[in-house]
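Two complexes, one shared chain (subunit A), two partners (subunit B, subunit C).
What follows is the complex of A and B.
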């Protein structure tokens, strides 16, 4: 088993019980998709609908970073996770 | 003769001779530079030598909206002011929104050039073709809000739109802004240039309309843009409800929200105290610029002892500059101090970062209470920030005079090792992103033609993870030279020149920004532009500005970072372990210059300047023995 650290902000945080940070235990070799699935099982349909579209791809504007690197620059939802990885999940954000 | 978009006229006002003249806008300039920052850089290059005294009569202020300003295109009420910056010595270009930009178009002009220096305080009053230089002695000493109010009474027209300076500009603070309504041409000391010319304000009322060359094609392009905005995952409802302050939560989680003069970025979580939840609790509504359906500006009313009644609209950058970088976690003090900066006409960003610099020197014992007029300048002292803003605006003896010209000059005045803690590039204080955790965003700070300026080449790929044109690892160095060139050119061509709000480009049309600009500008003006033409405009402006800066004395050595960014590693948070070594910087710069077809000393090649049809730039380099 591996444990990864999940961090979320704003609207996604609100759908995860207001928890900004939490640890998530996964099976060895788990991917980003599996981590998100597990979170959706815990927090229910509203979170699932916020993150995934009907094709089980990320909704537009949802961004996930693993150890600081956006998963689009890795293997997307199939990016494998290692024990201790930091996973950051963003709702659509812009401005600045 | 223009068919639309452009009014075809340049208004020139010489404050020394009091001469007012109107010239035709050459079609070649419109085609090659589009408008806004493009016009500003072109006229600056042609008319102001690089070595001119930025606060002398030979410097000029060039105000230019774009061909989309005043048309029904969404979010196009933007205007660039371009000058030689007294803060940096480089091109000083700053953009503002609101209602002032379109009014110049309605009055019949694409460009307003202010030159010379008045003997006594004046303001400029433009009513269509009636242009008057009026006495402003009674306004001198007044803040920006009272100034706007009194001028409206003076001209007996409350719909007159006004841009003015406050006391900071009068006192030639090199961090002075030009304020219109509550918006600002904020950065690079443009307000000091206005103050040096004894020009208190510009008041405009126009009665015309901006014609459209091809209304049917324009409407198609406009509808496409509006639909793209509706489809954006960010604009509605998040951005229209929350505005830029939501970025505090994002950059905090990424570990790039700078803290306490960058000495402990990532070690404190400011999102819990000055993040979006705290800031939205102070909301009193939103404001729109002319023609903007989004309305991202969030009006906030401060609460609590000492700050009650303070109302302003701080943006993300101000939560950093008057918040985290000075160690302040009071959202009420940020709102209040933002209001003070607007009132006195100061750039919140440079002011906050310069105060942070002073705080670090104070905590290190390099400044003492004797230097600070007795103020306790430890990080987190928000009352001291309030006091310092006044000291700076009025250039008061002691700490006010020490800080009022920004970090670079302050470092020179303090001497010794002080400069090691001054967070600026080319004299412009850093924006609210620690470059160690976003390398292309940082490389843009190092190479932007205006100094450390996030808006000249915003790396949304790194900050928001948007995979356009490709996805990038924000910590990586390789590929960031190419990406920075791409970001700078597209931003310039599709937002700074047409002129259009940069947020739309990032959030609505990032993948098709050049085509979108080509469609809107072509149909508005009748000048047929392809997306390739648009892309080349961005490259042309960046090259011409680079040559201006070379003529002002800048070299590759100035494309660098503050010492702390290169010597210290971020210790905690989402960017833990990151820094930018000298080797990293060299690799990124080499790649950037190669992508631009510049020599490795940062000078554009003859081939590149010929490709961009910039013989005037080549001639300047030849005259300096650089080509």
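What follows is the complex of A and C.
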């Protein structure tokens, strides 16, 4: 088993019980998608609908970083996680 | 000059000389841009290039510092330039009542030493990043939404905004609201960052995003 640290902010935090940081235990070789799925199982449909679209891809307005690197520069949702990885679920703002 | 005496010792004489000889291009003269332009003019920046194709409208008045009840319909860039002239005649100011795009961008930005992103939408920000890359100019990014704000510094070698907005096609800049206090805060951070880059200070937000959640009073920096 591996343990990763999940951090989220802004509106996503409210959908995860108000928790900014939490540890998540996953099976060895788990991916970002599996980590997000587990969070959605824990926190339910509102979180799932905020993160994923109907095609199970990330919704526009959601960016996920692993150890400071955006997953689009890695293997996307299939990026494998290692024990101790820091996962940030981030909704950037764009107004001015 | 006594008008600048309170700039010291926050800046050394040498650092302030750099500021006085610097040209900064501010793209967007609305919520973020108004405060940014005001602060840069007061601190004594050498020259400002101001770009915005919009005019002031009623819904701008809750936050855009250069909007008044009397200048509705006035081009924002023109109003900004007039304000700079009132604040500090030493600042050489050029303004363009035009939206920056791929075709006109390089000419409008001109010979700026640094560009500040005070735009309100993602596609224009990505265009601006590309232009700054082409022209080898650092870019100070800021954005807000509701109670939240973000600031980062993008050097020409970087692609920070492309990573940050990966997957974004259209961003609804009104979705979270645009209250008065959030752009003022983000603008302050952008000006601080701009002056640090111009004066060569070390601890800048390059490859880092400063994210602010005012609801939780949380200032959060992460590597990107």
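Criterion: the second predicted complex is superposed on the first by the 93 of 96 C-alpha atoms of A that agree within 3 Å, B and C clash if a C-alpha of one lies under 4 Å from a C-alpha of the other, contacts with A are read in each partner's own complex, and residues count from 1 in each chain.
Definition applied: contacts are C-beta pairs under 8 Å (C-beta built on N, C-alpha and C of every residue); 3 or more make two chains touch, one makes a residue touch a chain.
Bear in mind the structure is a predicted one, so any value in this text is a computation, not a measurement.
If you put the two complexes together on subunit A, you find that subunit B and subunit C bump into each other. In the superposition on chain A, contact of A:53 is made with neither subunit B nor subunit C.
Contact with neither subunit B nor subunit C is seen for A:82 once the two complexes are overlaid on the shared chain. Of the two partner chains placed by superposition, subunit B and subunit C are both touched by A:93.
Residue contacts after overlaying the shared chain place A:61 against subunit B and subunit C alike. Only one segment of subunit B in 241-249, 331-339 or 547-555 runs into subunit C in the superposed model, and that segment is 241-249.
In the superposition on chain A, the residues of subunit A contacted by subunit B and by subunit C overlap at 7, 9-10, 20, 60-63, 65, 68, 70, 72-73, 88, 90, 92-96. Residue ranges of subunit A in contact with subunit B, taken from their complex: 7, 9-11, 20, 59-65, 68-70, 72-73, 86, 88, 90-96.
Residues 28, 30-33, 118-122, 125, 142-146, 148-150, 163-171, 173-174, 176, 178, 183, 211, 213, 216, 218, 220, 222-224 of subunit C are the ones touching subunit A in the complex. For subunit B in complex with subunit A, the residues that touch the partner chain are 231-235, 238-239, 243-244, 246-247, 249-251, 253-255, 271, 276, 296, 315-317, 432-433, 437, 454, 458, 460-461, 463-467, 470-475, 503, 506-507, 574-575.
Touching subunit C in their complex are the following residues of subunit A: 7, 9-10, 13, 20, 58, 60-63, 65, 68, 70, 72-73, 88, 90, 92-96.
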